[in-house]
Every structure is written in C-alpha cells, then in structure tokens.
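Each structure below appears as structure tokens.
First chain A sits with chain B, and in the next complex the same chain sits with chain C.
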Partner chain A sequence: MAGTAVRGRLTWQVATVTAVTAETDSVRTIALDLPDWPGHRAGQHLDVRLTAEDGYNAERSYSIASADGEPVAITVERLDDGEVSPYLTRELRPGDQMEVRGPIGNWFTWGTHDGGPLLLIAGGSGVVPLRAILRHRERSGSSVPARLLYSSRTLADVIYRAELDQYGGSAEVRYTLTRSQPPGWGGFAGRVDDAMLARIAWPASQRPLAFICGPTPFVEAVAELLVARHYPVSRVKTERFGGA
Partner chain B sequence: MTSPVSRGFHRLRRPTGAEAGKLPPGQHVTTDFPVLSAGPTPHTPLQEWTFSIRQGGQTLRSWTWPEFQGMPAETVTADIHCVTRWSKLGTVWRGVPVAALLDQVEHDAQYALAFSDGGYTTNLPVKDVSGGQAWLAFDYDGQPLAPEHGGPARLLVPHLYFWKSAKWVRGLELLGHDQPGFWENYGYHNYGDPWREQRYAGD
Partner chain C sequence: MALDGNAIGGLLLEIFGSEMTSAEVTCAACGAVGPVAETTVYVRGPGTVVRCRRCTSVLMVIARVRGLNCVDLSGLTALEAKARPDD
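And now, the complex of A and B:
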C-alpha cells in the first residue's frame, strides 16, 4: 500500500451554504463555500460540526459529492431518528453557516492513475462517493471504462438520476429497484445477486477495480459475490454506513 | 476560533445519566453495531486459524484455535468508540488478555503491528496491549463473534478508537520501532486516543 504524505492538522473552517438541492423526498445536496479548502479527491469525506445557540456541538462525517476541483458539496439522507440529518435536510438554507474539516480518507478514492476498468456498486445513499468518482472520471477526460450498478428501493429513491442518465454510453449506469418497479421498467429488479453481476461485472481477467458503498449487509453481500467471481480482495474497496 | 451558531440547530437528546461522562468529545451513542471495513470480509476456517507472535521474521509462538480456546478467558464490559463518531456503551465480550499471550514469549519490543486476514494492519505500543487493556476477543454479547465484526477473533483495545481493535487478527509483529498500519497510512492518527480526539494525523 502506498503511504500518503502526512499533512498538518486538519483544522475546522467556517463553511457557508450556497445552495440546497432536493435530490429525492429525503435527500438534499448541500453546496458549500469554503474559502480555505485545500482540495479533495473523489471518494473522500469530510467532518461537519454544528453548534447550537447554547454551545452544544454535534459532529458527523459525510462523503463529498463533488469531483476533484469542484466546489465542495455533500449529499445527506434524512434519518428520522437522527439529530443532524433532519436539520441538514429540512432546516438548512443558503447563507447558513457550519464548520467543516477535511478532506479525510485516502483509501476509498479514485484518480485517473488508479486505472480500471471501474466497477462501482451503490446501495441507497452509498452512491454519493461513487458519483464523485464518475464526475471526476468524466471531467478529467479519462478513458477508463466504468460501470455503475445502483440499488434503490424505488425509482423515486434514486439520487442524481438525471445526471447519471446523461452519461449515455461513456459510463454504463444500471439500476436495480428492490421494493417496487414502475410499469414497463427496463432495469433490474430485486437485490444485487450473482445473475446481475454476471451481466454487469467486468471479468476478473480484466483486472477491474471495484468500489462498493452502501449499508453494511449490502456491502457484505456484494463484496462476497465479487470475491467469488475471483476479484482480488485488494481490488475490492468498500465503504459501509450504518447506525445513526 | 469561536464556532458560528448553526441557525436553527438544537440538541434533540440529552445524554442520559448512564451516558454522562462516558462519551468522548465529538462522539454520539448508537445502539446499533455499525461496521467499518476497507474490503471484503475474510472467512478463515478454524482448522486453518492460528494466532502468531512474530519478531524479526521469526515466529516466537503460535496458537491453534483449540490451543487459543484453552487459554484462560475473561468477560470484559467496555465502551467502544469508532472514529466515525459512534460510541457503543457497555458492550460485553469474552477474550484472552493479550498480556497472557505476550507473557509466553521473551521480547523487549516497545511496538506491535497487529496483522489480519485480508492484509489489514494496525500499530499499537506494546504498553497499550499489556496489563488489562487489550484482549483477543472471540465472543460478543454471548455469541461467537460474527465475521463482519471480526470473527473468529479480533483485538479488543477499548481505550483507543476502534480501528485499533483489528478484526480477523492473526498475530502481532513485535517491533523495535513504530510502524504505521493500514488506516494510519491513510491519514488517521498514529495513536488514536478518543478522549484526546486523536482522529486524524496531526490531531
């Protein structure tokens, strides 16, 4: 593994919200103005710190939704029993401030030198860092072949759908809907399984690089399927979320 | 720097009496048991499992699963703190004290690099895995440790952020010098004390 240069301390800086965009009923993309941002790589995350009037702090980590060189944005899914995500998705508006530090994490990242072919597999809001990877690939003019398999409950739960559908032939984007499918649905239905991967996963002989992000059971299942398809463990990068 | 107030943000939950004083800065309580791993979950058959203490390319001592299960185990109740900001209070484990394993080898090393199936490593000072602070845990909440949580056996070093509690651990490499492990090479803190909020390099 390549050691990464140790940077100085990651300091908190004030971020100002520039835009809040509804992606689905429960998901918002929050664009931030961060004057001192050092830049980030696709797939990294950041820490957010909110401060209440009484001085109470809450901190959370979120994947960065934007590509290298783009203004920082995060995409947040509302968890109804949460303390931070309901605020970020319901209350927050342009001009509001919060503190941010980052970027964090040098493992679940992709740059053009990392090559491919790329197999990106997302469950729910796990699509966020994979969207950053696809955007970076597109913006950098990379010719690395890329496929995204994106599992959502219903079509209405698909985040970034308009953007993902624009890739056309340059990156292959396929959806699977686990709970219900609209009439005439031409995508996959049900949970990601080996039959789906047989159609979308690059053969192991092509030395693909896989990124899987989603809830823990989803990531566990998909990673096992890829290992069974002879993907080397070192070429299967995972990021899981769970809990609050 | 004074933190700006995030307009309209309020605390929703106050820590309960049982939680007060148990949460390091920046952490919040979860009742789930989230998983953080860099890659696929390994599945090593118990017949092939060993735990080894190595130094300088030599294996000083190695235990098979039955030998390991024959060591005196302790029940440990501990609060665990993940660098991703969840803490889980009062978790109950069974494990063999790492000190009991280290006692069976002669060494004067000050550092250890834990190594795991799947290639994961993490570094710890030997003093942090000695004397009632670290266990080789094989049982969680009365059940054999599930693979996604590090089974068949993982380190349990609850006074440090939980990435130091290496899952699927297969041994310790004893070293005369400190050598960063996996997450430590990817920007995380070398030591990882949650009470000093040592999350990232430089904290």
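And now, the complex of A and C:
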C-alpha cells in the first residue's frame, strides 16, 4: 500500500493511530497519521477498512471530526451490536494501523465562501461533521453567524462538551436532552420541535444555510420542520446515519 | 435502515472517478431532480439500492460481483456532476 495517493483518485492508504481520546463512555476520538492525505474540507467523511487475518473485511464511513488543515481525526460511537465500532472504541491503541480512503463528499461540506448564517442541528454523534464546520469557521476567522442545536439523550452523552461550551458568544450552542435532565438544567428538554426552532432557527428571510446530521428519523423530522419554516430545500443539507 | 447518498460517496467516487454526492440525478419515473446526497440509500441488501426520495422508484443498483462493480442506472434519465471550483 506504499506510494503516493493521486489527487482525485480514491485509493486505500495505511493510517497510523496517533491518539485515542475518550469523549464519553461510548465515544472515542481517534487521531490518525496519514502521510499521503490530500487535505479535506469540513463536513467530509472517510472510509475505514478493517481486514481480519482470514481475509474477511468490513468497511465503514466516518465523518471527519477535524477542521480543514488539521490532522485527520474521526469520532466513533460504540454500538454494542456493531462489527467495527467495538473494535475502534475498545481495542484500538496508538501505533495501530488501519486502511483509510478519502476525503469523500462535496455536498455536506461548508467553506467560508458558502456563507450563512449557519444553522447546525445535530442528533447524537451527528455532531461530528458539524463540530468540524464550527472549528473551521473559528480557525478561518469567519464572521458568519452560527448556531448549533445539539440533541442528546443525557448530559453525559454530549460529545465535545468542553470545546462547544468554549465558543461563548462567537457561536451559539444550545443543547436539548431527550431522556433526562440534571437538576437545574437550563437548556432545552425533549426532541427537537417547532417551539425550539422558533427560538433558535434564523428567520428564513436571512437566507440561512442549515446542516442537519443524525439518525435517519431525526434528520427527516428536523428537515421537515425547517421546510415548514420556509427554508428552501436547497439550503437544508442533510446527512443520515444508521447503526453499523 | 435507510441512509442517504452521502453514505455511498466513496463507492460512487470509486466507480465514476469523481465526486458524485452533489451531482444532480433525474428520476426516470417521476422526473424529480436533486443531489445524489439526498437520495434514499439501502446498503444492507446484497447490493446497494438508491431510490428517489420523492417517489421511491429505484434509481441505481450497484452490486459487487467477484470484485467488479456492476452498476444499473436504468432508473435515472440523467446524472450530472458539476465541478466545484475547489474540487
């Protein structure tokens, strides 16, 4: 697998794990060293291929968690009945290697030229590509206003919480906790609904650009609410994931 | 579980040699036009099935047979990849 990746061609290359960071009980961020990486844009993903000794292999797609120009990192949620995620979140150690190809996708991406204002809505680990967008916006010094509404089961399930809370006024981050809320919780509670969007969504007249990422039913419900709020379909970008 | 066209960006890039998630696909059944990213995609069958989000007709079927990708595009009338300046 040695050699140089030709730009524009998708080839598998060997990635070396440089760090594994616990985000929550079941979520790990895996930093990768990819010598032939051509660079990526916020919102893109990559494919991971793991091969067993008997030659059986499994491929999965993961959103890239890091901003443009940063070393590649992915954030993986463990699904206990999964085939790949238990290995990535439990067994993987710095120095381990895996095959990776990418970056992939040019639809669910954001660059400073795409403008805004940005409305980012995440369900669970759907926050990963939206975190990359927020980081890129911050690192590039963009003045595009941004709001993130992040739906999570409990506060302990919130990924990147320390980082997201740091944005202070430069990007508005709001959480909604669907399963349980700690005493004195000042954020939203329950599933994303129209009343929540009435408080957080930019008016359609400001020509906002929305990115929604999460499990399929979450994405469909939120996209429908935004279209009902007169967001043009072409300004509502969606990315759905299932369990794998 | 239904996914969307973002999930097969890698597979399509492998087949077509260019980024396809923002390519516009036209459904042969209902005429709906939209980005590949917004199609409905099922990856759990023996092959990958891509359906129109509006009318649910099959747009594409991709099956890997002995390492070869077999691609059926008979459910679509156009697939147009637009180059973005930074691609």
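We take it that the second predicted complex is superposed on the first by the 235 of 244 C-alpha atoms of A that agree within 3 Å, B and C clash if a C-alpha of one lies under 4 Å from a C-alpha of the other, contacts with A are read in each partner's own complex, and residues count from 1 in each chain.
Keep this in mind: contacts are C-beta pairs under 8 Å (C-beta built on N, C-alpha and C of every residue); 3 or more make two chains touch, one makes a residue touch a chain.
Everything numeric in this text was worked out from a predicted model, so none of it was measured.
After superposition onto chain A, the modelled positions of chain B and chain C overlap sterically. Partner contacting the larger number of chain A residues, of chain B and chain C: B.
With both structures placed on the common chain, the touch criterion links A:167 to neither chain B nor chain C. In the superposition on chain A, A:97 makes contact with chain B only, not with chain C. In the superposition on chain A, contact is made by A:226 with chain B only, not with chain C.
By the touch criterion stated above, A:111 is placed in contact with chain C alone, chain B being left untouched.
Within the superposed three-chain model, A:37 lies out of touch with both chain B and chain C [touch as defined at top].
In the superposition on chain A, A:50 contacts chain B only, with no contact to chain C.
In the three-chain superposition model, chain A touches both chain B and chain C at residues 8-10, 61, 104-108, 216, 237-238, 240-243. Chain contact summary for the complex, chain C toward chain A: residues 1-7, 9-10, 13-14, 17-19, 21-22, 35-38, 84, 86-87.
Every residue of chain B that touches chain A in the complex is listed here, in rising order: 1, 3-13, 26, 28, 30, 32-42, 84-86, 118-119, 148, 180, 182-183, 185-187, 200-203. Touching chain C in their complex are the following residues of chain A: 8-10, 41, 45-47, 61, 101-102, 104-108, 111, 216, 237-243. Residues 1-4, 6-10, 12, 14, 49-54, 56-61, 83, 87, 91-92, 96-99, 104-108, 216, 220, 223-224, 226-227, 233-234, 236-238, 240-244 of chain A are the ones touching chain B in the complex.
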